[in-house]
Structures are given as structure tokens and as C-alpha cells.
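Both complexes shown next keep chain A, but they swap its partner, so chain B is in the first and chain C is in the second.
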Partner chain A sequence: MNTQFITIFRALSFILLALALCSLIFIAAGFSAFELFESIINGAFLRNGAMKHALRWAAPLFITSIGVIISFRAGYFNIGAQGQFYIGAIFAAFTAEWLNGSPAFIVVPACFMAGALGGALWALWPGLLRLKSGADEVITTLMGNFLASLILIYVTGGPLKDPSGSGQQASSRPLDAAYRIGNSYELSPTIIMIAISLGLIMWVLANRTAFGVVSGLAGRNATMVEWQGAKLMSVGLASFLISGGLAGIAGTVELMGPNGRLAAGFLPAHGFTAILIALVANLSIAGAAVAALFFGGLASAALYLPVMSGLPASAIEIINAAIALFITAKSKFLDMFFSLGSIKWKK
Partner chain B sequence: MIKSDENIFECKNITVSFGAVHALQDVSVAFERGKIHAVVGQNGAGKTTFARVVAGLIRPSAGEMTVNNKTMPGGDVKQARKAGVELVHQSFALPPSFTVAEAMQFGAGSGKIYSRKSLKRFWQKHLDKLEVKVKSSERIKNLPVETQQAVEIARALISDAKFLILDEPTAVLSPETTQKLFVRVRQLKQSGVTVILVLHKLKEVLDIADTVTVLRGGKLVQSPLNCEGIDREKLSAMIIGENANQNLASSNKGSLRPETQQDAVLDVQSLSTIKDVEGAALDDVSLTIAAGEIVGVAGIEGNGQRTLVRAIADMVNLKSGEIHLNGQNMTQMSHLERRSKGLRIIPFERNVEGLSSSSSLWENWSIRKYLQKPTFSFIKPKQDRAACDSGLKKWDVRYTNVDQLAGSLSGGNAQKVILSREMDADAKLIIAAQPTRGLDIGATDFVWHSLRQARDNGSGILFISSDLDEIFDISDRIIVFLSGQLVGEFTPPFDIKEIGAAMIGADL
Partner chain C sequence: MEEMIIAILRSATPLIYVTLAGVIAQRAGIWHLGLEGLMIVGACGTILGIVLTGSVLYALLLACLFCILGSIIFWFVVEKLKANQIIAGLGLTGLGLGGTTLAVEAIFGTPAAVNAKFGLPKIGEVFGNIFGAFSGLSILVLLMPFVVFGMWVLICRTRLGLQITASGEHPFAARSVGVNPSRMRFIALMIGGVLCALGGAELAAGSLQIFAQNMTAGRGFMSFAAVVFGASHPIGAMLAASFFAIVGALGIRAQLLFGEDVPHDLLLGLPYIATIFGIWFSAKMRGGAKAVTGFGELRDQ
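And now, the complex of A and B:
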């Protein structure tokens, strides 16, 4: 329990440090840091209905982030969640188009399966390249993100193009209302249920299956696992596929829920925020639920800020960037501080 | 007697201690100018330490070195270089992505500004002069190992070295390329360079060296002795200690199989492997291990012991041959299937191959069981933690709780975790690879005791160690590996001279 407490304390400290850095930037830019933070907290969590909006953004982020956690735990830095998210949404959109007219109880599950398949496929090739020939998955999955963005532009401007569109942003035809599992103005219980059940399944996978323990060991010391006779191929590939599949499901959720259609370049930071959530949560599934709520709140605050208080939404991006900076920097000083702290606590 | 003015390099009473261990003790040698000197000895005799002291990489705790009667301060590479002493390391340190010219410039270490073209031209001239046939624009990683070595030697010779030390230069070379190296070394001798070769194969010593210096257990056994009039028997006696037996018999060679074939837990038949980066390939190795038998593997490290273990564990590609476990052909079986049939491995590197240091004890302990299940099957962590707890307690592992990281245990305790994981009731064949390396006497004793107990319970044990005393102590039978071949098989009473001779190829 002690170590968990330290983990939480650590994540909070990183966030506080990041916010301290942000307030300096805000002040330098001529804003009142206090006013900004007040508006952000207000917009994210306190104002009427804020929690609903936070949840709306948190649910898909959570789904993608638990996928990221599965691959990171196995030692594979799949940073292609964004691309897998797009390809998942594209597969789902094609499926909806193809099955258009069929009853919803067929179309909706089919779209989810297609979305998971699309995301998994977009993680499959970097996974194979990594495991067969050792190609660095950081590079390949990153490239995969750009490719997926371009494919999305092509699809929304080509095969799935909405002819009645304004021309400002290429997008697909809106989904038939019968197939929507949520909308942009109220919270969808279906989406929350999907997120919770996927979270539970992944928690069981990580903590209560042989796969969870073996992939965790392989992530920290692959040589040892090989000397125990494991073939890293199957464990590694499974991590890639699960990771991509979850991002694909998140893409499907966005398509069939709040968005209702595919638009070129929609939610361009989704996958990266999910990685941030995974890191802030220290690769714990339960931690990711909390972290997703926090970042979901920030995302909804980004919409609220300019409208309600006339403050720039980019403040949220600065906060995200600062947290990323601190969480990835692994400050030596902080680690020293925490190791000292843990010794004290033990006594 | 050697007259002192002829000596180019003299070491007086060199002692090197690491804590309480003396790597070198009171070694005095004088190397004559313009000759090829060999330094030989068993593993741990202090050869490499000696080479590193001479090159200024290690400061001796006592003693003095002089070059041409001028004192050279110890532990100072720059001073050693200035005095014309250069070392070519056992495993060379050329950056693989550099071109030959860049790597040589990097090693030469002068801070001058240069153009790529001038660099290329400069080093090409140098290489040509030394008849190293390589383009200076070639990348290191694309060169065969013997050419890399030649480049390294050429680099060492740029600063006008008078005195070149090669640390086990033949360890990475095939027999033909070894001959090429020797040709080069003779050329160097002709041009007036004094060469010191650290070697461990007698044949090579007698082939190339003018004098030989023998180290044993960090002490000097024989200061430069003229190689003329010396034979293998004499030399191997000096290396191993005591007086050599008159007939260094090869009569024990060949396969000595247990009487009843069906009793064999391991039966390896003419196994050959495809060479890879991790060590010597096996060449037509046949061996059997009976139930209730400890077979010790002796041999200088890197002569195929590791490959043998990897072959039995399905971690290396076979060229030919068969592996049987308990009378069942398992040549085509995966490592996991072999484990399910009773194969257990205590790997060479405890903290790399044996345990994941940054994972908890119970995960490290449970992985063997988990891998025998389907990948996505459920586990009961609570039960497995308890099982781990009682398992580790039985083996007297000292720890606070099973969620503790494996890296927080001492070497002996970490090894006990591995033992308790690998030496269960179903273990039929236990491979113990360097199981006592780095352990103190108490922990070592514990490992021996456990292995003996497993043997008495009917397991067959393959025991690999670089410590001959230990092998003699524990083995029921000893096999000797040299260059990937099984070159000798011995039954008690063991004769250290015979086995030692087989290890260094003296009876070939």
C-alpha cells in the first residue's frame, strides 16, 4: 500500500510542479494566473454539469489509455494510439455505411468489432516489424500516426465524403440517428458502460491472467523471460493488438457517440493525451481512470474557457505540455526526494 | 641471465589487490627487446590484469615498472603511451558505425581539426604500410572480426609503439585467421616491436612465442623462459601446477556412457550448431547424463559450454544431431515443452537471465508455472504469493515480503530464489550454469548441497563452472570442452593434470 501511496503522491507532485511552471508562463503572457486557474477548475469540475462534460471526454481517453498501458507494460512503446484511433473510426464508419439500413442491434456491434479490428491492424504491422526484425516501434508507430491522418483526409474527402458538406472541413455523411450511442450535449450511459467494462476486463487481464504477469516481466527483462522458455513473439504481438484494438474502439465511440460523423483531423491530440494519462497513472489501470477524469476535465475546460470567461483555450495545451515535460523528464532530484521519503516512511 | 640493459620493459614486485583478493601478487618480469613473449595461465590466473597494469589501465597497489630503465608511473594510460606501450583489448572497442579512418582517429585521440579527405588519406597510408588490406572509408561493422583486430593493432601502432600487448587475440579468431595474425605479429617483431601475447592455448604459445611467462593464481610461476627446449607437458605442468604426469593420457577420451541407456535423463547425439554471436558453435558433441548423476563441464570459458546449454534449451539453431530427454526425442520440441518434460535451467547470469530485478519476487517465482498455462488463462495471485512465500521459506531465502523487488536481494539470496524455482520435485534434468559465481562460501556451500540432494533424489545434473576445484568436488564424471568439441571425458579419481591438459589442448 505504501508504494501505491508514493505513486499517487508522485503523480500529484508532478502535476503541481507543472502547474507552477504554467502559472509563470501565464503571468509572463499577461494573464492573472489565479483567474485562469480558477476558470479552469470551474470549467473542468465545478460549474453546473461540468462533471458530465469531464466524463464525456474522459471515457474515450480512458479506453485508449488502458491500451497504451497494456503495450507499455510489455515493454513496447506504442505511441501510435492516435493513428490506431483514426483507423478504428474509419473502419467503423465504413461498416456503418455498408450496413446502412440494417437494425441498430446489428450495426452497432458490427461497427465496434470493425473499429477494434482497424485499430489492431494499425498496430499489427509495427508489432510485426518490431518482433520479426527489431524495427523500433517508436518510429514506426509515430509514422503510422501521420499515415492514418492522411488516410482520414482521403476517406472524408473521397469515398465517404458528405456531398452536402460546407467545404470548410471534409467530413463523412452524418450517421443515422438510430445508430448513435450518444450525442455531443449530454452524457451517454452506453459509452460510460463501455469504458467501465473495458477497464474491468483490462484490469483483470493485467492483474489476474498469466499474460499480465508474463508480459510485465518481459517488459522489464525480456532476456529472463526467454530463458524461461517464453516466445516473446506471441506475448508481444498480443500486446500490440490489444493496444491498437482499444484505441480503435475509442475511435468508434467518438464516431458513434458525440461526433456522429468522421471529420478530417478530428481530436488531433487524443492519442497523445492518452499516453500522458498512462504515464501519469504510472501504468496502473485504476490510476488511469482517475487521470483520465482529470484530463477529461481539462479538455472540457478548453471549450469552456473562451466562451464563458474569454480566456485562451491554449492555456490547457500549455498545462498538458508542462505535465508531459515533468512526467517524462524523470527528474533526478524528485526521484531522490521520493526514495528518501520512502525510507522515512518505512521506519 | 639476461643483462639489464637489454631489457626494454621490467616489472618489479607488481601486486594488484581488489579488496582482500590478490589479482596479482609480487610479480616480477623482465621482457627483452624485439621478441615475442607469451603470457599464459588458467582462467583467473591474472593474465588480463597483468596486461591492463602494463598498459596503465590499472594502478598496481605495489611494485614498480621501468621502460629502458626509466620509471613508468602505474595507472596512467598517457604515460604508458608516451613510453610506447599499447594494449589491444580482448574485445575490441571500435565504434561499429564509424569508418576505419574515423575509428582510428578517435582512438588516437588527438584533438586536431581535420577534413574527412585528409583523415582518409592519412590512415590509408598507415594501413598500407602495415599491410592491412582494408579501405579506410569502410565502416567497422562491415568488417570481419579478424580485420577489425588488424585495424585495432594498426591503431595501436600509430603512436610509434615499441611495446604492443595483445590480450587473448586468438579468442575471437578461427584457426586460419589465427595463422594470419601470427604472420602479422612476426612482421611486427621484424620491425623491432616487442610483442606480448596473452594466450591460453599451448599450441599457439609454442607456435609463435620466443619466451613464455606463466602465471597461476596471480603469482608468477615462471618468468620469461625460452620456448626452445620446452614441450607441452612441461608447460601444462607449469600452468596447472604440481608435476605433470608423464603420460598426459588421451586414453580417457571418447564417450563413456552409462551402462543402461534407458536410465539416461539426457542423451545428446552428435550435436552440431550453427555459429552465432554468443560463442563457439558445437561440433559433433555426444554426451549422456544418467539419473542421479552430476556431470561437470570443465573448459576455458567460451569454448562451447554456453552453446551447449542454449542448444538443450532450444535457443540456438542446430545443424545436425539429436537431443533426447528421458528417452524421448525432443529435438523438435520447444523450450517450453522441454521444460514440461522436466528440464530446468539455472542460467549463467543470475540478474539478467535468471531474474527480473525490477519485478517482484512472487512474479519471478511464479513465471515458470504461468508459462506452462495458456497465455490468457486466469491466475490466483493471492494463492501464488502464498505458494511463493512458503517455497522461498523452504529454501531459506532472506526477504521481507514477496512483493519486494528481486533486485533488492543479495547475490546468494537471489540465487536461492532461482534454485527454489528451478529445483522442484518434477525436475529431471537440471542445468546449473556457473551457479556459485560471485557467491560467498556459505551460499556456495548451500548451492552444492542442494545440487547433491537433487542428484540423490534422482535428477540428472549438468554442472558448468570455470572453477576446477569446484567441478572436482561435486562431479561424478567430468567432460571437457575445447573450441566447441567434447575433447575428454573423465571418471574418478580425477587427475587435475589430465583434465587441465585437455582444457588447454595439450593432449591434442
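And now, the complex of A and C:
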């Protein structure tokens, strides 16, 4: 228990360090750091209905981040959540287009299956490249992100183009109202239920099944796991597919819920934020739920800032990036300070 | 043909500068995924410098200053706080992308693109017309082969370069002969910072004279892939970066040839596909390079 508290305190102190760096940047840019942080906290957590907005952003982020956790636990740096998120949304949009006119109880599950399939496919090729020939998945998944956003631009401007669009930003035809599982004004209980049930399933998978144990061990010592007789190939591929599939489901949630249509370059920071949530939560699924709420709040503040207080939304991007810079840091000094010399803390 | 070569030189030069920064960091044992962020900081610093001071020299100095500052933060986090290089690098990239947007917004009031009145000096303005059709290129293009050669000499033929390589390959052995790996990484990242500033300057002020949000569009990551593809050797990495640029130029050429038959957005993806191919190919040839062997370090249990 004690070590868990130390981990949490350490994460918090590095987040504070990141925020200090942010305030230096804000001051250098000529903004009042105090005012900026005040409006961010206000926009994220204190204003009327802030919790609702935070939850709205947190649910898809949580779904993507548990996928990221599954692949990070297994030792694969799948940072292509953004691309898998896009491809999942594209697959779901095509399915909705194809089944247009069928009753909702067929279309909605079909879209979710297609979304998961699309995300998993976009994780499959980096996974195969990594496991078959050792091509580093960091670069391949990153390049996959850029390719996926080009495909999204193509799809929204080509096959799925909304003919009545204003032309300023390419977007697809809006989804039929009957197929929407939520809208942009209120919190949808369906989406929250999906997020909670996926979280529970993944928690069981990660903590109570052979796959969870083996993949967690493979992340720490792949050679040992292989010598014990586990098939590293299938464990690795499964974690790639699960993480891609979850990102695809998050894309479907965004498409069928708050967004209702595909737009070129929508939610460009989704994948990166999901990775951050996974790291802040120290790769624990329960922790990810809490971290997702925090970053969901920040995401809703990004919309609130320019409208309500006239401050730039890029402040949120900077805060996220600074947290990423520091979150994996280790410090002997801090560990000694927190354990007060009583526990010898592992490096 | 001539204009094709000019187009390739134009798109390859920023990549090559940034790739060299990646090479020297890689040699020192750092997987530098912050290249993208440093590159955009260099691009933004140059354009803002030209707009605010009206002098190219001051603009380049400003860009170098900011890139070195970013490199110092990166070095501190990776070396002193032992953070994961990939995540910290992505954080630095995010900081660069967000920070440049914030800077433009703070100075001009909107995050729209910034135009400068003039860019880097052109070859023609400095040397007259002796380079013929190539005199429209910026002097950083002319400087590029010398910088590549200089980096080759520095890395492969000088004491400092060998010390840097040693502290990347075997920090313990380096320390045993009195080389401080931490300081070598610092030096490598500083040199890399200056190179990133030059790459960004060439990208923004070489032929365009414009700074737009996210204008690097993954070029930093592509340069990083060129480092891996080019076996972290300056010449090899230069060839790899040129390969990506050539594929990009061919894509544009294909677009002119086929017109509407091939979707324009998908042709833009060709350099990314070439990058994936390059990574796959180098993994096939050399068995793959891994940043970190175990990921247990990500999680403290």
C-alpha cells in the first residue's frame, strides 16, 4: 500500500514540475500564468456542469487508453492509437452508410464491430512488422497515424463527402438520428455504460487471465516468458489487436455519439492524450479511469478557454506535452523524500 | 529533369539537417523523437526572427537559441531524471508544436500562418549566376553537403566523435577511460539542436518564407526513421533522407501526370509509406534496432 502511495505522490510531483515549466512558457509568451491556470481549472472542473463535460471527453479517452495499457503492458510501444482511432471511425462510418435504412439494433452493433475491426487492422500491420521482422513499432505506428489522417481527409472529401457541406472543412454526411447513441449537448448513458463495461472486461483480462499474466510478464522479460513456453508471437499479436480494436471502438463512440459525422482531422490530440492517461495511471486500468477524468476535464477546458476567457486553447496542448515530458521521470531524491528512508525504493 | 532535382533538393535539405541531428543523438545513445518539435521550433524561430528583427542572422540565432533551450530540457529529463526517451521525446514534440502555436498567437493575436517579407539568402544573390538554374535555392542547400561531410569527420574521425559514439554504445566502458557519457550526450544534443534549427529554418524560410501551424507534418519523425534506415551513419542517413524526399517528389510528379485518376491525398502519403518500408527493410537487414530492451522500466511495481 505504501509503495502505491509513493507512486502516486511521485506522479503528482512530476506533474507539478511539468506545470511549473508550463507557467514559465506562458509567462514568456506574455500571458498571466495564474489567470490561465485559474480559467483552466474553472473550465475543467468548477464551472456549471463541468463534471458532465469532463465525463463526455473522458469516456472515449478511457476506452483508447485501456487499449494503450494492454499493448504497453506487453512491452509494445503502440503509439498509433490516433491512427487506429481514425480508421475505426472510418470503418464504422462506411458500415453505417452501407446499412443505412436498417433498424438501429442492427446498425449500431454492426458499426461497433466494424470500428473494432478497422482499429485492429490498423494495428495488425505494425504488429506483424514488429513480430515477424523486428521493425520498430514506434516509427511504423507513428507513420500509420499520418497515413490514417490522410485517409480520413480523402474519405471525408471523396467517398463519404457531405454534398451540402460549406466546403470550409471536409466532412461526411451526418449520421441518421436514429443511429446516434448520444449527442453533443448531453451526456449519453450508453457511452458511459460502454466505457465501464469495456473497462471491467479489460481489467479481468489483464489481472485475472493467463493472457494478462503472460503479457504483463512479457513486457518485463520477454526472453524468460519465451523460455517458459509461452508463444510470444500470439501474445504480442493479440495485444496489438486488442489495443487497436479498443482505439477503433473509441472512434466509433465519437462518430455515433457526440460528433455524428466524420470531419477531416477531428480530435487530433486523442491518441496522444490516451497514451498520457495510460502513463499517468502507471499502466493500471483502475488508475486510468481517474486519469481519464482529469484529462477529459482538460480536453473540455480546451473548448471553454477561447470562448469564455479569450485565452488560447494551445495552452492545454502545452500542459499535456509537459506532463508527457516528465511523467516517466524517476528521481532518487523524491523517492528518498517520500519513503523517508524507511523503504529501499527500487531504482 | 533539372526542376525535378531542384524540387528534391528543396524537400531533402531540411530532412537531411534534422537527420544529422538524429544521427549524433543516436550515436550518443539517445533515441531522439523530439526532432519534430525542435524542427518546428527552428522554423517558427526563424520566421518570427525575420518578422521581428528584420535580419536573417538574428533570426537564425534566435532559432538556434530556442532549439538549444529545448535540447537542454530534453537532456535534463532524459539524462538526469532518467525518463523514458520515447515518451519524453514525444512530449518535447508536443511542447514544440503547442509552444509555436502559442507564440504565434501571443504575438499576432491569431494562430494563422505568418508571412515573412524575405527568406534566407539565395545562392544567386551570394555567388552570382554561376549555378545556373540552381541559383534560386537557399544557401543552406549549398551548405548541406559540407555539413554532412563535416558531421562525418566529426563523428568518425575525431576524438570527440569517438567519445560520443563510445558513450552511446557502452557507457560503462566510456566511463572507465575517463569519458563522461552524460556530458557527451549533452554535447551531442546541443549540436543536434543547432542542426534542427537549421533544418527548420530551411523548411520555413528556404523557399516559402511562411510559418504555419504543424508545418513540419511528420518530417521530424521521418528524419528519425532515416537515422534508423541509414544505420546511424551520417552518409547513410543522408542517403535515406534523400530517398524519402525523392519518393515525395515522385508523388508530386505522379499527381501532375495522372491528375484526377489517383486521389491527391493518398499520393501525399507516399513518403510515409517509404518510411515504413525503410524501417522494415533495415530491420530485415540488421535485425532491427530497439530503443529499450525491457519496458518494465515504464511501470514501477
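In this section, the second predicted complex is superposed on the first by the 328 of 347 C-alpha atoms of A that agree within 3 Å, B and C clash if a C-alpha of one lies under 4 Å from a C-alpha of the other, contacts with A are read in each partner's own complex, and residues count from 1 in each chain.
Basically, a contact is a pair of C-beta atoms (placed from the backbone, for glycine too) under 8 Å apart; a residue touches a chain by one contact, two chains touch by 3 or more.
None of the values given here were measured: they were computed from a predicted structure.
Steric overlap between chain B and chain C is absent once the structures are superposed on chain A; the two fit side by side.
By the touch criterion defined above, A:N221 lies against chain B and chain C together after alignment on the C-alpha atoms of chain A.
Of the two partner chains placed by superposition, only chain B is touched by A:V235; chain C is not. Contacts of A:T209 after superposition: chain B is touched, whereas chain C is not reached. Chain A is touched at more residues by one of its partners, and among chain B and chain C that partner is C. Of the two partner chains placed by the overlay, only chain C lies in contact with A:F77; chain B stays clear of it. By the touch criterion stated above, A:G158 is placed in contact with chain C alone, chain B being left untouched. Measuring only between alpha carbons, the smallest separation of chain B from chain C in this overlay is 5 Å.
Shared contact residues of chain A, touching chain B in one structure and chain C in the other: 220-221.
By the touch rule above, chain B contacts chain A in their complex via residues 313-315, 334-336, 338-339, 345, 347, 352-359, 363-364, 366-368, 370-371, 373-381. Considering their complex, residues 204-205, 207-214, 216-217, 220-221, 223-231, 234-235, 238 of chain A touch chain B.
Contacts from chain C toward chain A in the complex involve residues 33, 73-74, 77, 81-84, 86-88, 90-95, 97-99, 101-103, 105-106, 111, 217-218, 221-222, 224-225, 228, 263, 265-266, 268-269, 272-273, 275-276, 279-280, 282-284, 287-291, 294-296, 298-300. Remark: chain A residues 7, 21, 25-26, 29-31, 72-73, 75-77, 79, 129, 133-136, 138-140, 142-144, 146-147, 150-151, 153-154, 157-158, 219-222, 272, 275, 279, 282-283, 312, 314-315, 317-318, 320-331, 346 touch chain C in the complex.
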